[in-house]
Each structure stands twice: as structure tokens, then as C-alpha cells.
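The next block holds one structure in the form of C-alpha cells; read it before the comments.
Letters A, B, C, D, E and F mark the chains as written, and numbering starts fresh at 1 in each.
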Amino acid sequence: MKIAIFPGSFDPITTGHVDIIKRAIPLFDKIYVAIGQNSQKKYLFELKQRVDWLENVMSDFDNVFVEVYEGLTVNFAKDIKANYLIRGLRNASDFDYEKTISQLNNIIGKGLETVFFISQPEFNHISSTIVREIIKGKGDVSSFVPESIYLDLKQKYYIS
Amino acid sequence: MKIAIFPGSFDPITTGHVDIIKRAIPLFDKIYVAIGQNSQKKYLFELKQRVDWLENVMSDFDNVFVEVYEGLTVNFAKDIKANYLIRGLRNASDFDYEKTISQLNNIIGKGLETVFFISQPEFNHISSTIVREIIKGKGDVSSFVPESIYLDLKQKYYIS
Amino acid sequence: MKIAIFPGSFDPITTGHVDIIKRAIPLFDKIYVAIGQNSQKKYLFELKQRVDWLENVMSDFDNVFVEVYEGLTVNFAKDIKANYLIRGLRNASDFDYEKTISQLNNIIGKGLETVFFISQPEFNHISSTIVREIIKGKGDVSSFVPESIYLDLKQKYYIS
Amino acid sequence: MKIAIFPGSFDPITTGHVDIIKRAIPLFDKIYVAIGQNSQKKYLFELKQRVDWLENVMSDFDNVFVEVYEGLTVNFAKDIKANYLIRGLRNASDFDYEKTISQLNNIIGKGLETVFFISQPEFNHISSTIVREIIKGKGDVSSFVPESIYLDLKQKYYIS
Amino acid sequence: MKIAIFPGSFDPITTGHVDIIKRAIPLFDKIYVAIGQNSQKKYLFELKQRVDWLENVMSDFDNVFVEVYEGLTVNFAKDIKANYLIRGLRNASDFDYEKTISQLNNIIGKGLETVFFISQPEFNHISSTIVREIIKGKGDVSSFVPESIYLDLKQKYYIS
Amino acid sequence: MKIAIFPGSFDPITTGHVDIIKRAIPLFDKIYVAIGQNSQKKYLFELKQRVDWLENVMSDFDNVFVEVYEGLTVNFAKDIKANYLIRGLRNASDFDYEKTISQLNNIIGKGLETVFFISQPEFNHISSTIVREIIKGKGDVSSFVPESIYLDLKQKYYIS
């Protein structure tokens, strides 16, 4: 069984995340989209909200499941018997960080393998960090998050 | 069927290539290790030699096949019905080039998907370019190429 | 009318900023040097001090105006009818961030165009971050900030 | 008078080049799109062909002129009284090279100023180098070159 | 006398740090491994603990001394008459930061020279930041810190 | 004895090279500035000319010697009993290449250690490649090469 974990904060989920998941689906039997919750980190959206959005978006896909975990990703990967980690790469400045993390996960996770996808041109400039800034500034995020999330954001946060 | 192509010049195959292939095997039903031959490019080793070495090393793995092609990788991928392209990434300076190529292959190859693996620390400094330089300088490449290739190189090219 | 905005924290303004502004002046009819104030961010110098310094330095130039804004830069650009954004680039590690931001500003700002200048060799190692660290350590910043600011810093902050 | 030079090989001109030129037009009184010809360099397309294509595409724009020059760009800039140089930046790996060249042009060109535009997401993966490879491989370049060039390429070079 | 300072937080010391120090020893008459203490920064380990670990590890080497300082590194370098600063470089994303800092130290430190070593492949993915994350997650850091530190961590922090 | 080699093509020597050598001198007992000659590579200046220029410039320094070698740098380092290799780093795009080469030299050279210096701001944009281009274009290289070389170039190559 090829089981993969796609970890992140998903604060909030973006169209960039959805693109990576869609492209990863055919390669794996099961994908866990997993929110790594860190009690010392501040998030713009509450955990429950982030889970709801993820579940809403992931309900379109078979074999994709939403989870929440605390602590090291490698430990959670072990718990759910994941043997693969999925990561998206956007640009060269991500690279050295992702390389270090993937090499460490391989060592600590005793063979946990990371598979990378490079984001498509139309998603390359989209990140949760950017989306949060636009939301805070009440800007238009309609092209950066899935449509259902956008409608929800509009209603709840009065963004344009 | 998940069919992948791992294209390259393999001039010569290195332990870095072998590592990527080994790690990719469990994800695919078939992997074609394919030498992209370009009549205008100069190689250190003749095509026949490179094919022999690849076949020698790949004989250890089921479902891995050695091929030679000319022209665009996407066209050959189509011919062999490959829907995935495998690439190894070593460092940040590779990244922008690999990103551009993978985005183009996706456009021209009508959905041909590239899956990336980042090289492990022990193979991170190994490339065919480097190995060729050491061979030309009669240096010791024993830790950079598969053992059988090393023995062959030693015998045929009188390297140390 | 070509109206440009040069946004920043200017905490404090450096000789690097002044160089970019000088080089941008001939290209635009008006330049707004605009302090983007963020109530959640901590600054070393108070807003009033930063505005005073900017106004002092900019008084040498015609058609350059100092402003303060809150919220998204694109919104303020719209308010002041700016159609250009000016940014300095110092090194490759700035690049991917600046690229993402400029692409987003173009989308959200509906055509707001960013024009980049690369810093000259003598200003390449100067940033507000660095200048703040030297000030905190009571080091000599005479070659990193405009002379009038240096004299003011020396008097008010007892730096060497 | 703000006169700019946009130098390159244009072997061939791409939609990426056209995007940069369109965005630069409002900033300058005149733009010279100038082919830097180097007798020791090999081109895929002959000079006359490259000039014809440039003139064809640039005929849509007022105040944009096509020129050919040999030798240093700064010398030609002086000849045509250009005080600005326009460059597009695609990714972080271009950056250090472009920085060095622009700093040198400023020194040798006695104040020749380089203004940079970062390519839009939809053109970010397009370069003449890539387009040449696709043409050599008889691939589809319809989304990478201006339409008239594409039709011409199709007819003359039998590409798909 | 060639006196060098190797500054850092050492929160905690890693095998990567030890490798750099070992390689630097033959070049200098004296090396001060110096903890730059910043009262506004949060550390995972207390100063006393970090000093103890450093002294424990450095006791193996002649001419290597452990120190603590506050304020600018250049000022402390002057106090201890160090004319060299030692830094390790791990990857391209460190580079621009280290370059800026070294150029500034040279200016402010009136000739203080920085000598760089690039980390060996087996230490390239090791940083204190990473080690802290693993410790917080109760992961295995045995291959990332000196053995004596590992044993101490295991006993005091109940990590695996 | 600390013996270092500073290898290069020196086609031609630049003020950037001289800066690195000057800064390295106090650290070593002897420095060999060594021209790595490669019969398959084309140079702008003949070997004899490059040696003459190097010897002219290095005559100012004690304990610095000019040599010529062929083949791998590690082999020549062994011949002259050098235990250190000196390299200058200019920017992030050099980094990954220099890292790979230094790691390999350490492996093949059985402990040959590379010590890096980052170029000072005023030399950061200077490279032999750039200088050659300016010379070919008959541009002014007076600020990029040592004065004696500049005078010689002016006389022999009729540059401005």
C-alpha cells in the first residue's frame, strides 16, 4: 500500500495546495492531508475552521482524508503507516529548506520518502502567507483559494 | 499503469542516478531509463558503452528497462506511453532550470507529470560532469560510480 | 501622469534607499515615498521620527512626497493614483519574494506595474535590518544612513 | 528624452519579450529593440530572419524601433543616445548575472541605468533557449511565440 | 598571532559546529568559541547549559576557549584581539546573508576578516534550528550532536 | 607548514583576484598562484602572457609563487605539498558549484581543505569573464585589472 501524507498548516488551503493534491492522487493508494497543529504558533484561522475547509474541498476526492496531528511529522506518518511525504516546491528559495527537511525526515523517519511536485505556472505565486496578507487587507482572494472557501471567507470576513 | 521515464545522458551513470532509480521503483509499474542521444553533443563515452553500463546496473531491478531515443523527451515519453517523468534534484542552482523544463514538458507533453526526488546527502555532490572531470584527470571515482562500472573503467581507461 | 510609490518601513531610511529614489526620479512625474504602518509590527523608531527623517532627506528632491498608509500597498497606490511601484533588489535571496509580491500586486492592483532597480555595489550590503542591529550595538552607522540622520542618531541615541 | 534599449539575440523573439516591451513602452519616449550580433556565436535563425520577425511584431507599437549592433551594448547605447537599458528577469538564477552586467554597464556606460521588469506568471517559463529546443524537436511552440511568428515557423520549418 | 572567533548561539552545539572548529584549528593560534547572548532572544537551552556543553566538547582541543558576550560581535572580537571570524556555510540560501554580515563586519570591525568553511556532505543538513525541532518532538538526535551532549539530553530531557 | 594553492585560469588576473590573495597571505606560509592549463580550452590570452602578468603582480608579495599545471588540481596540490586550497566567492550562484568542487577535492585530495573568502563590495562584480568581454569590445578595464596589466593591455591591445 502506498500511503502518503501531505502536511501543512493550511491557514487557509489555497488553489496551489489543491493542485498538488490532485496531481499526487494517481500515484498513491491513500493520501492524508494533515494539519500539523503547534500550540505555540499563531494561526489566522482556528483549527476547526481549517479542518472544515479542508474536508469541504477534499470531499471531491476519493482516498483523500483529513487529519490533525501534533509533534513531529515523522511520528504521525508512522502512526498512520504513511511511507511517503508529499511536498510542493514553488521556487529556488524554498529549495534548501525543503531539502534539509526531507533529508532529516528520511533519517529520523527511517526511510520515509519525500516526493516533490513543482507548482504549475498559474499557482506559482500563491502561498498561504500571501493569502493571509490579502485577507487581512480585505483584498480579493478569489483566484487564490477554492471557490467554496472564497464564498465562505466573503460571508464571514467581509472581504471583497 | 504508472509508467515513468528517467531521461539523461548517463555519461557515465553514477551512484547518484542509481539512488534515484531505487527510490522511484516502488512508485511505478515500469521505469524506462532512457539515454537521450543528441548527434550534435559530444560525449566522453560512446553510446554503446553507456547502454552496456546501464543494462549491467539495471539488470538488478525488475521492471526497469534501458532505452535510447532522439529528439524531444516528451515525444519519446508518448511513444512508450509514459505518463511520468522522474528527475533528481541536487541543489538550488538546478532548481529554476528543472522547474522550467518540467512546466514545459507538462504543456507540450499534454499532462506529462514530473516527480522529483532530492538526492540523499551522500550523493549530493555527485554528477556525471564531475565524474568525467575526475576520469579525465585519472582520479579515483570508486565512490561515485557503481562498482561494476568502476572496475570496467579501471581496466579500460587505466584510471587509479 | 506617471506616478510611483516607493513603499517601505524606513526603520530607518538608509543610503541604499536614497540611491534608489535618486535613480527613479527621472523616470516618474511624482514619487510617493510611503511608510506602510502596521500596528502589529514592532519598529525600532517611532512613526513620527521615521516621517521626520524621510521628510528631511526628501526635501532635497522636487516631486518626491512622503506619505503614511495602513493596509495593502495596492489600495494606497489606488488612492494616490499611482500606476507604478518602485523596488530595489539587492541580492538573489530577495528575488523570489519580490517576484511573488510584484505578481500579486499586478493581479490585485489590476495592472499596478513594479519597476526594479538593482542596488549599486557600494550600497549592496546596506539594509534597514542591518542598520538597526548596528545601532542597537552602538556601532558606527555613518556610512549607512544619510549624513543628517547620522548626526541626529548620534545626538539622540548616543551611538559612536 | 527618455530613450531605452532592449538588447538581446531574439533567436527567436518570444511572447515573453513582447510582454516586457509592452510594459516598458509607457515609461519611455523611444525604445530600441536591438539585436546584438556576435560573429563568433551560432544562431538558429539568420540575422535577416530575426530582424524581419522583430519588425513584424514591433510594427504594432509606436516609438519602438528595431536595430542591429555589434560590440559592447554600452557603446551602441551611446550611439543612439539611450540612457536606459531594459531587462526582463525570470528567476533567481538569472539574478546574479543580470546584477553584475547592470553594475558594469553603469560603470563603463557612465551612468547608463538598467530598469528591470519581472516576467508575469504566464511568461515565466518561456525563453528563446527553450523555444529553440522545441523547434529543433518539431514540437508545438504556438503558446511561446507571437502568432505571426508561429505561422511563419510552421510554414518554413514544418513544425507542428 | 592569528586569533579567531567562532560566534553563535550554540542552542545546542551540533556535530556540524564541531566539524568546522576541527577544520579551523590548524589555521589559527587561538580560537574563541563565543556564545553571543541576546537578552531579547528566546533560547531552548539556558546559557549555563550551553556553556557547559561547549566546554565539555572543547576540552578535547588545545587553544580553543569558550566565551560569552553581549552586543556586536565586532566589539567582542576587538576586546579579545581576534583578527579573524570563522563561519560555516551550508547552502546557497545562507550565502547572501553571510556575505552581507561579513562585509559589514569588515567595515565596522576595521579589517576583521571572515574565513569560510563549507560543511562536509555528512553535516550539511544539520543545524541547531533543526536539532531543536527534533528535541521538542522527542525525536532521535544522536547523529546530530556530539555523543556526550546526546547522553546528557537523553537523561535530562527524556528524548529517545 | 601551511601551504595553499590558489588555482585559476587568470585570463586575465583581475583586481578581484589580487584582493583575495592579499587577504589570504597572512594565513599561510606559502601561497602558490597556479594556472590550471587545459589544452582543450580556449583562452583569450596565451599562457606565457598570463604567467608574465601574474609574476609581475605577485612580485610585490613575499611567499607567493606562480606556477602552471595540467590535470586535476588535487594532484598538483599533492605535488607541491599544499594542504589548503583558496577560493573566492562572489555570489550565491557560484555557491553550489564551489561547494561541490570543494567537497570532491576533500574526498579525492584525501583531506585537502578549501578556505573561502567572500569578495569585498568593490570587487564583487569583477570576474575574468566580464573583463574579457570588455576587452573584446575595446571598453575601459582600468578599474578591473591591476594598473600594470591595464597599461600593458592598452599598449598591446589598443583598448581605451
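Following the convention adopted for this analysis, contacts are C-beta pairs under 8 Å (C-beta built on N, C-alpha and C of every residue); 3 or more make two chains touch, one makes a residue touch a chain.
Source: prediction; values computed, not measured.
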Subject >> Lowest number of touching-chain links that must be crossed from subunit B to subunit F >> reply: 1
Original post:
Centre to centre, by mean C-alpha position, how many angstrom separate subunit D and subunit F?
Top reply: 34
Original post:
Approximately how many whole Å separate the CA-defined centres of subunit A and subunit D?
Top reply: 39
Subject >> Separation of subunit B from subunit C, taking each centre as the mean of its C-alpha atoms, in whole Å >> reply: 48
**OP:** Could you list the positions in subunit B whose residues touch two or more of the other chains?
**Re:** 91-93, 95-96, 99, 103, 121, 125
Subject >> Every chain pair meeting the contact rule >> reply: A-B, A-C, A-D, A-E, B-D, B-E, B-F, C-D, C-E, C-F, D-F, E-F
**OP:** Could you please specify the touching residues of subunit F with respect to subunit B in the complex?
**Re:** 71-72, 74-75, 93, 95-97, 99-101, 103-104, 107-108
Original post:
Which residues of subunit E touch subunit F in the complex?
Top reply: 2, 23, 26-27, 84, 89, 91-93, 95-96, 98-99, 102-103, 106, 113-118, 120-121
Subject >> subunit A to subunit C touching residues, read off their complex >> reply: 90-94, 125, 127, 130, 133-134, 137-140, 143
Subject >> Partner subunit A, residues of subunit D touching it in the complex >> reply: 91-93, 121-122, 124-125
